[in-house]
């Protein structure tokens, strides 16, 4: 009959109206600033620079190799290499970025910089409340703003961070073993020089350079 | 002759003059509406409440809208300002002036206007007519005219529908082809 | 019977007190100013409340919260909206007809406010008691169509012109069932005065009031009246003139800032006015439904009924999708018009089936009720069947999508 | 000037304006509008004579105005439909260009 469907529809909306006051699960809205949904682990928006230890300047992993700068599709990374060198986490002397800027107005969150970084120095953040009143300066992030501790990385992307940490521990161990081997070899060499004719048994065959994965 | 009457009269005549002289047809229609509404207010001012409201309902609510529709459907909104008045314009104006002169002369000199008007000038309050009385008069004394009007309205409605019915275009190669139907434009 | 007590006449007495304390030559003026100011303040306030309640209600219907940020539970939202619309830039298109463009919202709001003059919002609370009140309402209300045309045409935008043409076609079509369904009431009440119509309904036999909605023709007439009113005020599901999906905002597309707010205001005021007329004609105006409830002040009854109808409008808006133009016109001419004529017929039958014809009270009243209901219901079923038979519901086939 | 004469003068003025418009304008729609104005002027006369005449209770002028409004509505409907039909046929609503009766 004419009008039956209208009445059915009105009944449905009335149920919704009344139900929204009674049952909480009907209201799926999250009252954002007060309530919020925790971002899922794979969430990413803009990159940040990881550092180890307490001092961000000393602990910065970036060695200013500029691979990310070259790979970045929208060219939002700007790096200036330092003149001097400083030791990295394994003790090797490396350059460090004198200037490292990311223009987040240009960044498209593609994560290519993260993929190509051989030093695990750049990672994706998940902070999204980024409004600023300054269109130019406010959206150009410098080294100071980008540097974040490794603990923070572990917190936001635990699985990924665990993998990285594991790899780095292995690298460190390898480097130490290599150093020890080198030291042993040096000692053996010294001993050989001291006592020629002795064997070269204890030298490990690990490659000199650690290939990044 | 009250102030309200004067103001309304000026408004009405100004609306009428604007409706007959403005260049854009839609402006003319809107000015015409002002004249109609002013007349309705004049009726109310004269105590003819029902007639004033009927005037408002029919003229402002229906006829003005009808005129506006007709203007838009005949592309009247885009008439070129060169050809607003017809070649016989001056003659028409002279005739209208002559008519006004005669009417004005008749009004100012007629004994009816002086006799009745002077007598009724003392009668300041409007005659009380309730809608009920009007209805009863219509249904008793004037029932035949009412029926005739009803018949005429029905006939007019049917006629208007038939006239506005889109005629089937016969294929006639000799006839000047109509321009491709232009869309509704202002 | 002192219905309502002192609270009932509190505003009337206040008005008399203020007028009584002004110098005699100014009394008429002061009384007029008080009436106008009260109408503007009360109904503009109601508009502000309705905007926030509508958004909250629609939200609840869609299982959302609705606005709840500005002030406690979002009640200050209208204030924020007002500040926003007042501080926005008023953009007028260069090719617009400036005078007409400027006048259109003013004419619209002015005309809509005029219609409130004849609404009895309480006992002795009518701004102007006109002998032809209902006619005044419709006559003045006809001005809204012209204002809408002015807005649509002067913007010099094809969407606004289309919206205006749609709005006018729709309003003219639905004005006929709107007026015809009121004719049944006017016929039965024997008067065009809104005050007298309410007084006719404020009588009680035993406990029940003589509201026209309690009669079969009144019920049907009320439903038809409200459907026509929905179309007349361009509210969903009849909001084609401002269909966002095809003509963006219709006739007020080129309006911004305060003028846009005026259109918004006028639309809601129109809704209140036509609801108020529906209450006056069918729901007994300010009268209570049962005689034992007459102690509640009359104006509370009126505004209570008004809020209920507003809620119904919101409910319908949250339920039904927008119609198509041909469906809209077909509905007006093929369903509403015949049904309203049948309602008038039924009201006539009701008038002549007095106790002398159908017998004494209990049985006679039932017979009268049933006969009148049948006169409406049988044609309704026939009409609905006929209309549904003509409607072909087939599975759609797509030429390009498959 | 007494009120009746005032009404009659306003009405005469309106009638002349309508007449001038109907005679001088080229647009058929405005010719019709001019005729409507003349009709309205006559209505004003009826109301004035009813109001200031000797027998206002007889309602003659009043009823005449109501009938006249109904006739005007019918006239406008048919007239505008005619203009539309002519426009559709001749592609103009200019009265000085519609000179042929041949269809």
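A, B, C and D label the chains in the order they appear, each numbered from 1.
Just so we're on the same page, a contact is a pair of C-beta atoms (placed from the backbone, for glycine too) under 8 Å apart; a residue touches a chain by one contact, two chains touch by 3 or more.
Just so it is clear, the structure is predicted and the values come from calculations on it, not from any experiment.
The chain with its Cα centroid farthest from the Cα centroid of chain A is D. Counting contacting C-beta pairs between every two chains, the top pair is B-D. Here the spacing of chain C and chain D, counted between their Cα centres, is 34 Å. Averaged Cα coordinates give chain B a centre that lies 5 Å from the centre of chain D.
Annotation: 80 Å between the Cα-based centres of chain A and chain B.
One simple way to say how far apart two chains are is to compare their mean CA positions; for chain A and chain D this gives 85 Å. Going by the touch rule set out above, the chain pairs that meet are A-C, B-C, B-D. Residues of chain B that touch chain C in their complex: 26-27, 30, 33, 37, 40, 49-50, 53-54, 56-57, 60-62, 64-65, 68-69, 72, 77, 130-132, 184-186. By the touch criterion stated above, chain D contacts chain B in their complex at residues 1-10, 12-27, 29-30, 32-34, 36-37, 40, 43-44, 47-54, 56-57, 59, 62-63, 65-67, 69-78, 80-85, 87-88, 91, 93-96.
Touching chain D in their complex are the following residues of chain B: 1, 5, 9, 12-13, 16-17, 19-21, 25, 28-29, 32, 35-36, 39, 42-43, 46-48, 50-51, 54-55, 58-59, 62-63, 66-67, 69-71, 73-74, 76, 79, 83-89, 91-93, 95-97, 99-100, 103-104, 107-108, 113-114, 116-121, 123, 126-127, 129, 133-134, 137-138, 142, 145-146, 149, 152-153, 156-157, 159-161, 163-164, 166-167, 178-179.
Those residues of chain C whose C-beta lies close enough to touch chain A in the complex are 57, 60-65, 315-316, 318-320, 335, 380-381, 383-384, 387-388. Remark: chain C residues 97, 100, 130-132, 135-136, 138-143, 145-146, 149-150, 153, 156, 158, 161-162, 165, 168, 172, 175, 190-193 touch chain B in the complex.
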